[in-house]
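What follows is a set of structures to go through.
Heads up, the next two complexes both have chain A, just with different partners, chain B and then chain C.
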Partner chain A sequence: MNTFWSRLYSWADERVKLGGLVEYMGKKYVPVNRHSIWYYFGGVSLFLFIIQVVTGILLLLYYKSGELLAFESIQFIMAKVRFGWLIRSLHSWTANLFVLTAMIHMFSVFFGKAYRKPRGITWITGMVMFFLALGFGFSGYLLPWNELAFFATKVGTDIAGAVPIVGKPMMVFLRGGEDVTGATLSRFFGFHVALLPGIFTVFLGIHLLLVQRQGMSEPLSHGDSPDTERKTMPFFPNFLLRDMLFWLMVLNLLAILAVFFPWELGKKADAFASAPAGIKPEWYFLFMFQTLKYIPGKILFIDGEVLGILVFGLAGFLWLMVPFWDRKSSRGETNRLINYVGIFVVFYMIILTIVGWIV
Partner chain B sequence: MNRTTRIMFGLLMLAFSSAGFAGADDKCLTCHESIGGKAVDLFKRDVHHAKGISCAGCHGGNAQSDDMEKAMDPKAGYIGVPKGDDISRVCAKCHGDSGRMKQYSSHLPTNQIENLRASVHGKLSTNGKERIVQCTTCHDAHGIVPVKNPGSPVYPLNIVKKCTQCHANAALMRTYNPSLPVDQLDKYRTSVHGMRNAKGDAKVAECASCHGSHDILSVKDTKSSVYPTNIPSTCAHCHSKAEYMKEYKIPTDQFDKFSRSVHGVALLQKHDLGAPACNSCHGNHAATPPGVQSVSKVCGTCHALNADLFSSSPHKKAFDDRKLPECETCHGNHEIIVATNKLLGVTSEAVCSRCHNESQNVKGFATAKAMRGLIDSLESREKRAIALVNEAEQKGMEISEAKYKLRDAHQARLESRTMVHSFNEARFQDVVNKGIVVSASVSEEATQALDEYVFRRVGLGLATLAITVLAISLYVYIRRLERHQAMGGK
Partner chain C sequence: MTSEVGPNGEQETRRGFLRYLLGGGLVASLAAVLYPIMAYLKPPQQAEVEVTSVKAGKVSAMEKESGIIVRFGNKPVILVRNAAGEFRAFSATCTHLDCTVQFRKDMGLIWCACHNGRYDLNGRNVAGPPPRPLDEYRVIIQGEDISISKKA
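The block that comes next holds the complex of A and B.
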């Protein structure tokens, strides 16, 4: 057996010079500390993204875009295609878990100040991917063309339309017209399966390359320890095998969710029907949605909703730019303000999400 | 007033006074009597005159003055002959004032004018200046007598004539409501009510009995006494009063029965305006009980297929020969209950068994028995299919297509109930079989979905087992590897 693998390696090495890469991998080490658990969330996000791609491609074999066929094709996938229900449920559940793990990964990087120099670009690429993931969620949500998705998209694009100056043209661009119609569905389908994956792949490539080049960041408190006291483990195979162990557990969790809580399809969208009561966006947009509901109609001379969107926009921009304004962390100094901001954001999101879910 | 007129007026006043015509102070009547005219003659019989109200009560002016200029001086409130809405306004001066009405010891309600204004007649006429109907339109101006007085134009025996003065005038009605029929009087005269009314029976229903008097509302108005959901209680106003109806020797339990019937529940409880009210079967203006021959025609206006099937069935001749009312014989009349499968067959509850048994009308007995077996079979298969679909749906299985097909099974069962009226076993079986085939197909799909449900759980169990074994193996491998690495191995 060993002979077979050795011969295969030699065969590949002769052609693509694997030696350098193997040598590099062999020298790559991952820090071991009490925060190491958070390192796995980047990997598991990647794993979930891969599942998304695979299940997405499988769904594409049967999914038909267009307001006349979209709902029926999903119905067909769920009822008639062998394991279609599993693929669709996996795709939907994975999408949610992907956003969740990406969010955990983002906050772990934020609290660990891992975005500090020299990892600013890594943080930016990660954040862009996170925003793209939200875009994936928003565009994919409409594709089954059911009642909830239809009205959630209507509300979501209405909110986008409230942005000053660029809002209206952006809303028309997203909808493919003034209203949510079959044209919107076609666009969202295009965004979901071509545009967003294309852009995402580029950023994912840069992100992974940077992570490999720069290695895993260590917490600031470890910076003072001498190299001899720093515990590490080889990336290959130790860390990769642990990663795989985590992936297996996640895969099992996904299977359980898909079997016990198959993703519902609901009723077909009807533009002439009234919006169902208690319509809500996906959970990861809920804190923003709930906030906009609490903002008064008018604050001074500004429309409350517009102000809310602008504040969220500004907050998002500041969050994205944190490597550039948190100079202290880059200098290796403790910055408590960052911790307070992070804790506030986490609690704000959790509380508003729960309130939005219950109310 | 010139001199000659003054002299003539003076002489006339003298003549009237000497004849004792004038009331103590009513100089208006004194003078106008001398002039003569229908109005004065009528007014002397008027209930208002009897109560001591003078002409000035309506026309204004000074009734105590024998000087015509003073008596008819606008400064003294003289308004002449009121026109348009002023007519009703004049009447309402007293009839809308309970204090004044008490002075004349009247117990008449004082809301007539409000009711009239809110009524369909209270709407503006085509000229847009006045209301369609004023008090005098129905009660006349002079010679008004109490409603109970046979001389009153609104006395039950006269009111039909009064209403149809306008309502039978096509040219007039066209200006207000071109779609409103003008044949109510003709129809009414053919009705039981109309015929009795023509013979002098003041107790039977006339226009106001059903439509009201001052407060007449459009039939489309939900508050109208003739709005479909209100019709049964309007009819019951007389027809449920045993004492009132005693002399007519007809039952008075129709309303109670109707309220319990499938039609009554639909109309009165579910407010289904498609359900029949009394007038749907009996007619409204031409109200009369449908004859034996016409029962199926009456029911057939809604239940058209059933009526057609029955007419072409062997039962048609049998019923006609025995003079049996067609639908009513099996379903009843006012208390028609929901037609369930129990009506069909040869059990004691089944209506077929009233004429068909093992020794009498045997062919029908066999057909009824077979038909009941078929429809019971369809119903039980449909129920099973529904139960399986519900179970599969409850378990989260995608079963919408099978659920949609269930409609066909339900439709077949409805069709079979209609097809019963053909009393033809072969035709009935064709329809039932359609439903049975659909139910079987739905049951099969639902069963497959339930099997799939089990398969998914078993599959998950196996997958979990495999993943767990793999994960444990991986964990053991990692531990072993790290132990090996810790010992300095490669």
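The block that comes next holds the complex of A and C.
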């Protein structure tokens, strides 16, 4: 058997010269420090993305788009298709865990200032993927065409519509008309299964390539110690095996969640029913949703919601651009401001999410 | 394009001309590709049946202090009957973020579940985030029949 693999290797090596690549991988080391645990959250996000691709393709085999068929086709998947309930439940749970691990990954990079030079592009591609993940969540949420999703989409697209100048055309583009209808469902389906995955894959490719090329970032405080005192671990196989052990644990967690807390389908959407009491968006939008509740209808001459959108938009943009305005970290100096900003953001999100959950 | 005539001046002019031709051609090709795509993305206007009035049910079928959602063309309208027995109709689309409102007997209000917006039974926004009152519709009672029409 060993000779089979070595013959296969030399067969490929003769044709595409694998030697350099193997040598490169063999020399790849991962720094070991007390913050090493955070290195695993990027990898696990990748793993969850792969699960989404697999379960998503499986769901595509039975899902039917359109306001007359979407809800019923999910019912069919959950009731009639063998293990359909599991696949659908896994897809929904993984979506949530993916946003969570991506968020943890993002904050760990933020607090570790790992976005500093030379990793600015890695941060930008990561943030783009995070925004795309929110787009995946928002578009995928509508696909079962249930009551909660219907109103969540109305609110979400109406918020987009409140953006000055570009808002209205953008809302019509997203909805496929003035209102949320079957046309919206068709568009969201297209975004969810074709447009977003295509764009996401490009950014993922760049992101992973850069991580391989530049290696893991180390905390600023480690910059002073000489090379000989730095502890490292070979990427292959030591780090990769640890990575995979974590993936296995997450897969088990997912199985438990999907089996014991199956994702509900709810009631079919009805354009002529009132929004149900207790309606809430997905947890990762909850802090923004809760903020919108507190902003009064009018502040001076501006609509409250417009102001809210502009503030969140600006905050998101500054967050995205942090490698370019945090010059101190790039020079290797400590920048406490970043820590305060990060702590404020984390607390703001956690507190408003909890408030939104309870109220 | 320069008008200088050097040793190969003629050549320069020709090169510049070709460059503009090529560049212009590329821009035109790009526009020819992008314009149909942009136009395609914009959903066409659907011919809507202009609804001016709908039947909303019987007077005796609605208790005092109750409300129902009525289909008005492709828009939801809320018909409420107050404690005095009077009927009022408003657009059921919350002026905040497009959710559909409901009558709440316990509050004696029109309420939106999405962001806790409140309107009184005259459609005025009294609490929460809604920036404007609900648009009012006209209620016409003819004997037992209730019909709703757009305000002129």
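Definition applied: the second predicted complex is superposed on the first by the 359 of 359 C-alpha atoms of A that agree within 3 Å, B and C clash if a C-alpha of one lies under 4 Å from a C-alpha of the other, contacts with A are read in each partner's own complex, and residues count from 1 in each chain.
Assume contacts are C-beta pairs under 8 Å (C-beta built on N, C-alpha and C of every residue); 3 or more make two chains touch, one makes a residue touch a chain.
Treat the numbers as computed from the prediction; the structure is a model and nothing was measured.
**Q** Could you tell me whether chain B and chain C fit or clash when both sit on chain A in the superposition?
**A** Overlaying the two complexes on chain A (C-alpha atoms) leaves chain C and chain B fitting together cleanly.
**Q** Is A:A277 in contact with chain B, with chain C, with both, or with neither (first, second, both, neither)?
**A** second
**Q** Look at the residues of chain A and decide whether chain B or chain C touches more of them.
**A** C
**Q** Give one of first, second, both or neither to describe whether A:I256 is in contact with chain B, with chain C, with both, or with none.
**A** The first partner, chain B, only.
**Q** Tell me the contact category for A:D158 with respect to chain B and chain C: first, second, both or neither.
**A** In the superposed model, A:D158 contacts chain C only, not chain B.
**Q** Considering only touches as defined above, state whether A:A79 meets chain B (first), chain C (second), both or neither.
**A** Only chain B; A:A79 stays clear of chain C.
**Q** Which partner chains sit in contact with A:G198 here, chain B, chain C, both or neither? Use first/second/both/neither.
**A** Neither: A:G198 stays clear of chain B and chain C.
**Q** How many degrees apart are chain B and chain C as seen from chain A, counting from C-alpha centres and rounding to the nearest 10?
**A** 40
**Q** In the overlaid three-chain picture, which partner chain does A:N238 touch, first (chain B) or second (chain C), both, or neither?
**A** A:N238 contacts chain B only, not chain C.
**Q** Report, in whole Å, the shortest distance between any C-alpha atom of chain B and any C-alpha atom of chain C after the two complexes are superposed.
**A** 6
**Q** Quick check on the output: what are the common chain A residues between the chain B footprint and the chain C footprint?
**A** None.
**Q** Across the complex, what residues on chain C touch chain A?
**A** Residue list for chain C touching chain A: 41-43, 46, 69, 71, 74, 76, 92, 94, 96-102, 112-116, 125, 128-132.
**Q** Okay, in this complex, where on chain B does chain A touch?
**A** Chain B residues touching chain A: 396, 398-401, 456-457, 459-460, 463-464, 467-468, 470-471, 474-475, 477-478, 481-482, 485.
**Q** Touching chain B in the complex: which residues of chain A?
**A** For chain A paired with chain B, touching residues are 75, 78-79, 85-86, 233-234, 237-238, 241-242, 244-245, 248-249, 251-252, 255-256, 259, 261-262, 264-265.
**Q** Considering only the defined contacts, which chain A positions touch chain C in the complex?
**A** 151, 154-155, 157-159, 169, 172-173, 175-177, 179, 183, 271-279, 289, 292-293, 295-298, 303-305
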